[in-house]
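Below: one structure, written as structure tokens.
As written, the chains take the letters A, B, C and D, and residue 1 is the first residue of each chain.
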Amino acid sequence: MVRRRKAAATIAAAAALSLAFAGCSTGSDSAEGGEQTLTLASAVDINSFAPADSRDAHYVQYYQPVYDTLIQIAPDGEYVADLATEWEWNDDQTTLSLTLRDDVVFTDGSDFDADAVKANIEATREGTGTSSVAFAAISDIVVNSATSVDLVFTQPDPGIIRQLALPGGAMASPDSIDAGTLADAPVGTGPYVLDEAETTKTVQYTFVRNDDYWNAEAYPYDRIVIKPITDATARFNAVRSGEVDGATGDAINAEQAEGAGLTVTTSPGPGFQGLFLFDRDGTMVPALADERVRQALNYAIDREAILDTLYDGSGTITNQVFNPKSEPYDESLEGAYEYDPDRAQELLAEAGYADGFSMTIPEPVYANLSPLLTEQLGAVGITVDWAQVPQAQTNDEYLSGKYAAVWYQLQSSDPWQGINFWGASDAPWNPLGNTDPEIQAAVDLIRTTSGDAQVEAYRALDTLFVEKAWFVPAYFPDAVYFSTAGVDVDAQALQIVPSIANYAPAS
Amino acid sequence: MTSPSPIAGVVAATATDPARRGVLRVLLRNPLALASLVVLVLVVVVSIAAPLLAPFGPNEVVPGLARQGPEAGHLLGGDGAGRDVLSRLLFAGRLTLIGTVVTLVVAVVVGVPAGMLAGYYGSWWDSVSSWGANIVIAIPGMVLLLAVIAAIGPQTIPVMAMFGILLSPGFFRLARTAVQNVRNELYVDAARVSGLSDARIIARHVFGVVRGPLIIQASFSAGAAVLVQTGLQFLGLGEQGTPSWGQMLSDAFTNIYAAPHLVFPPGITIAITVASLALVGNALRDSVNGRSAPSRARRVPPEAPADPTPDDTSLLVVRGMQIGYPAGNGVSVVVDDVGFSIAAGEVVGLVGESGSGKSQTAFSILGLLPPEASIRRGIVHFDGRDLLAASPTERARLRGSRIAYIPQEPMSNLDPSFTIGAQLTEPLRAVRGLSRSAARARALELLEEVGIADPARTFASYPHQISGGMAQRVLIAGAVSCDPALLIADEPTTALDVTVQAEILDLLRRLQEERGMAVLLVTHNFGVVADLCQRVVVMRTGRVVEEGDVTAVFADPREDYTKQLLSAIPNGTRLRAPVVPVSRRKTS
Amino acid sequence: MNTTEPLLRIEDLVVTYRASGRRAGNRVLDGISLQIGAGECVGLVGESGSGKSTLGRAVLGLAPVTAGSISFDGRRIDALGRRGRRALAADIQVVFQDPYTSLNPSMSVGDILAEPIRAAGLKRVHAASRVRELLEQVDLPADAESRFPRQFSGGQRQRIAIARALALEPRLIICDEPLSALDLSTQARVMDLLIGIQERTGVSYLFISHDLQVVREMCHRVAVMFRGRLVETGEADQVTASPEHPYTRQLMLAAPVADPVVQAERRRERSRLAQTVNPAA
Amino acid sequence: MLTYLVRRLLAGVVMVWVIATATFFLLNANGTNVARTLLGENATDEQIAAKLAELGLDRDIFTRYVDWLQHAIRGDLGSSWLTFQPVTDALLDRLPVTLSLAVAAVVVTGVVSVLLGVFAAYRGGWIDRAVQIVGIAGFAMPGVWLALILVLAFAITLGWFPATGYVPFARSADGWALALVLPVTAISVSSVASTAQQVRGAMIDTLSQDYVRTLRSRGLPERSIVLKHALRNAAPAGLTVLSLEFISLLGSTVVIERIFALPGIGSMVLDATVGGDSPQVIGVVVMMVLVVVVVNLAIDLLNGWLNPKVRVA
């Protein structure tokens, strides 16, 4: 997801060939006649419909029409039943027991059952999709009966529920898995089937109703068409001219979109943007080893100015790394680092850097950001030299250990996934392997607790991150969605695009 | 659009010599090119002096300026990050200029020496380098640049150096062709005979010729380099931290709704810069090629001469004719007050030296003067009809049926892309309305009539497959194909060898006698006149000097000029004295 | 100077142009032998394609010599390297047919004339005075020096070309159709100039032309070329007035003379000749 | 003629090989750590090593080159590092879009520039100057600008043509044509500008030839002289320019496909460049050069047919 965001951000430079003038022809034709069609533009193109190869974020819209997942995420972020009616952890958090529906058949006629779950999870674990790494923690899949299956883990993995709700947890027909045909010919239990005659790769994908679907009323449209349009402006143009009913948008265009009669749906975004301080041990930039210097950085950044400039203020300012929608999020930590350049200078002086210091870090991929950062950090005496990193090598370079810090956006909607991503001492986005005994203890505690105790443990960790200033979190940019007047769209919590079930013809 | 635009370049077809006139002088004389040059100089100066001129740093963020429109202190407003657009614009030219210079230097350094060597020495180096150039030229540039960026990242200098390599075949071919042309010029032979070394010949003679076209090519290449950089920067594949035009354009498009004003500064700057480069290139090219489409002289009925209706009943009557060409603001008169008559079946010679206006006179009768020429005065009556009053269509019809023309240079007067047969039959079908087979039969008949041994073979041949003498016979066949009453032959034998000339003269005489047509023979050769003509009209600097019966004029010319001309003809009476040894004097 | 040896001696000269591809070479000159004495003007007459210009270029080193020899002042010059050729520039010079393309349009007349002088190693000052001398020699005004070729008429340009040829006081000038591109009256004047120069300086000319009448008045001896071979050589008067070879006779009769009466007679004579002989055979 | 064809064909093959090889080494010389990009940020070193082995990137560059070449000869250009789709399949999926665009643009360029060029050369005067001014403007106007204006005017405001997307010809010929109008216009303008100038120049040259006057003296209608004789003789020069324009039009598709959201080879190579997907980039270069070679061959043949000196020999 992050990679895609980055690609999207760089391409957004190619961006917005949009329109200065009003007077466009809007209006959805989806409500005409007896058959209802929903046409969406997607920011990405799908390469394979096989859940084993799947990615999440923008990609979910391609999988949702054809597949059900074991667990579903409600628009508000709640995990709700889908193919699994119930799920339960054992006491030491190493076994997840799932109870399955017994009335579901795949569109090729075969039954959905526990064996199908086993086949799917095994395939995804071996696959190339983004879920494969997470599923690697599943050591055993025990089929108890047709409707009961246990997933056995090598160690507790609090993030697995979310994974099961993502396309990696989509259930495909075992026959098609064996045949290896899913990439182009998806067979699932979902509300729609892919209409291959009306589908042209890279141009448009058409899905028509699965007449035998068990939950048809949740999906009001008879036909879903998804057109991959990677350029942001082209996408906006497509919505504006009514060629599609909905598409991901840019916050800075929200006002003009509304002016043109589009509906703008804004929801809190899943990932936070900010400075990842890799060199907390001070091997490259000694100053960063000092907690006060890292705090000074937090005070020096004018989060609001940046969010205003880049996203027209559409987003949530944050001082902590956990998502406001997630349980560990601690409201009381906000305000810990109000923009205060004087305080920053004081802290720097206390740390012995009254004259400031300098560091070389990669230029952020977000257009227009670097001049703001240069300005704000410069104001407190910190000189930033921007290193140019080839776009194709962004992640390589960032994770190579060459840089003391990088400004990036990483997802944190699932706290446990986040910790494994950028918080733990062996996390990839901790490339220099910074370790702190208190933080490590807090991480270990989360793994072995559950329920409120776990939330407590998370919050303790969150507080540590803020106090020790391991990061300079800035804000969560909102997910912005544009749709035509013909459709009603509910935002999906912590997901960049609405789920397919969230669309309905305007009443 | 009535005032002449300098883009069209020099209107008059005066043969100007650009290499000599000097690049700068060409540009200074052309107002639009001069303006373009000023723009370019301004862009360069402003870019270099940006740190002195810009009110803000290129990356300096002004609080609250993000996406603001023009305001006091920020004449062009603020961009997406809140930076002063004017300041960025001033700085942005730098990266583009550096990239453009890199492109040009690489293209020239790679292309020109290779091309000059290939053109001058030829042989294996020519083959190898031309092959390389062909390969490079076949690469879609943008795609290769993307490949380079994929490999090494968005670094302006190496990427634009690669673009320079992509453009180098243009310079290579230019240098090669120019040098090849020069290499065969007589003055290079003369330089060689004068004892100049190759290096010196290349430096003095060859480079001078390449220089002009090189600057032209460079100006267009620079425009291309600017546009390519813009494209790459626009796609987000330029350098991130340094301001550039394409990046500004890209920023403008990202913010097109919130800040539409951002589109104009970079867009207009790019367009004006590239247009200036192109205009400079165009002005130079026009002065090199002199290749502007001739503008037609307005069709103004010529003034009638003193005696409007001559009671001369000859087949052709020309009276008081004046022909002018536009020159500067005025008109240069090349033929003035020319008059003569040709009776049916009469052969009249029109003689004079170069510049006498004899060919212009002939073309005016045919109605085939260049479009920029105009007949300002006079009358031309043919068979009782006023030709100057006739419509172009009428005159065209007359040309195809009653008046025919034989040109001077046989090879260049046949269309190289069509067979002889096609060229002979086309008028037969179009003008005389013959069927395909009838036209073919008639054409073969005509070819036989003009003394071509194997008519069928010649019929199927292309012009390049036949000799000059044969080509002239073909042209004569074409001319007489319509049974004309008047045949106008413009130096019909000048380009031919004497023996062939004699045969063609014989042919013309025979055809004239057989058909009884009138002939106007334009020539500088008194021998040809003596051979063929009954009457002669002598012209000098656009005027008729003497007219009369051939025998009389040759035996007893009245005018001094005619006498002088006749006496200038070597008649073999003066022979060289035997060789007298001369002691060589050395002056130095 | 060797008094018995002619200035230029050409023996059995063969020039073959390499044809492109695998086709056999085209033999342009085939066994030409010709001599030119000091102060002598030898005319070389033929039609286009006869090889007369190639012979001139071979002497100048501008055409490849396949076989035979060319000696200048007793010294072989047909296989000289570039350096040797350059040294020869002082002795052998050229005036080309087309005065429009034989002068570099971008150089001033002064530069054009100074070029061979400077190439021969003379100082700038000496070159300048020599240029003025040359201009005087060809009857051009002194201010011509700073002007450019395009500012001159054809005849004047040819004078410039002649001046350039004279710059190094050569002993032989190859005149390759120097009059053909000129008007009649100009022709006569340039011819007079060339004759005058020869009489003053004793330079030798190889005078290439297609016009028998011009050659008759210009040259001491005349050689007639036909298809790469010399068909007739002799005194100018004899060859041009009463030629022996049928081709020469045909050539002579083909050129129309500016007298209707004489021309009518020549025409009849020519058609008689054409019926009896075929020169190509 | 046959040997000529074979020789040109061989030269084309060699050309494709040389460019493909150069591109291969250019892109493989400094190895992007593609495995990291593929596996995501949280992949371990072992997984990355395994991925590299899977992609065959643990072998030395020459082995990889030989392997790549052997497959390429059989039409297998490898698989994308990012999408896993075989590159050849992806190219063939997208080729119709780009070819539709480029070929339509070349046809438009050819027709319009011949009309403009002939008209300017023949009529001269203000028409000639107007064509030249349009030429300069067309050359100087950044293509993205023009695209913006076209979309604004004809897609958003007037709604005549779609602003985005591509419709396969097989599905709907009308839709296909409508979808192409704006992008083709946007990329054709600059090539029309330069080609019209070339046609104009060639026509002025041809119209000033002696044989044109001689044809006039035969009483032929002007239409035949200009359109049959002069144009025929100016055609080789025009065709040569057109073949060069085709190459640059192929390049222009990169930007235009992005703007109009056309799923062609141009947008594919941009994605591949951004994503560091070397097999895709190499594949696109090979495919484009192949197309260029084929088009050049066709134009050579056409030129040969137009030029009797080549045809007869």
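Going forward, a residue touches a chain if its C-beta (ideal position, glycine included) is under 8 Å from a C-beta of that chain, and two chains touch if they have at least 3 such contacts.
Given the structure is predicted, the values throughout are model-derived calculations rather than measurements.
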| item | value |
| --- | --- |
| Between the pairs A-B and B-D, the one where more C-beta pairs touch | B-D |
| Separation of mean Cα positions, chain B and chain A [Å, integer] | 65 |
| Distance between chain centroids, defined by C-alpha means - chain B, chain C (Å) | 32 |
| Mean-CA-position distance for chain C and chain A (Å) | 89 |
| Set of chain A residues in contact with two or more other chains | 10-11, 14, 17, 19-20, 233, 390-393 |
| Multi-partner residues of chain D (at least 2 other chains) | 144, 148, 255, 258, 270, 273-274, 276 |
| All pairs of touching chains, each written as two labels joined by a dash | A-B, A-D, B-C, B-D |
| Partner chain D, residues of chain A touching it in the complex | 2-3, 7, 10-11, 14, 17, 19-21, 23-25, 41, 45, 47-48, 53, 128, 130, 133, 200-204, 227-231, 233-235, 237-238, 240-241, 243, 390-393, 395-396, 399, 410, 420-421, 427-429 |
| Residue ranges of chain D in contact with chain A within the complex | 32-33, 36-43, 47, 80, 82-85, 93-94, 144, 147-148, 151-152, 155-157, 159, 162-168, 171, 255, 258-261, 263, 267, 270-271, 273-276 |
| In the complex, chain A residues that touch chain B | 10-20, 232-233, 250, 252-253, 255-257, 305, 308-310, 312, 363, 367-372, 374-375, 386, 388-393 |
| Sites on chain D touched by chain B in the complex | 11, 15, 18-19, 23, 26-27, 29-30, 120-126, 128-130, 132-133, 136-137, 139-145, 148, 200-201, 204-205, 208-211, 213-222, 224, 229, 232-233, 244, 247-248, 250-252, 254-255, 258, 266, 269-270, 272-274, 276-278, 281-282, 284-285, 288-289, 292-293, 296, 306-309, 312 |
| Parts of chain B lying in touch with chain A, wherever the complex brings them together | 59-61, 63, 66-67, 79-83, 149-150, 152-155, 234-237, 239-241, 247, 250-251, 253-258, 260, 263 |
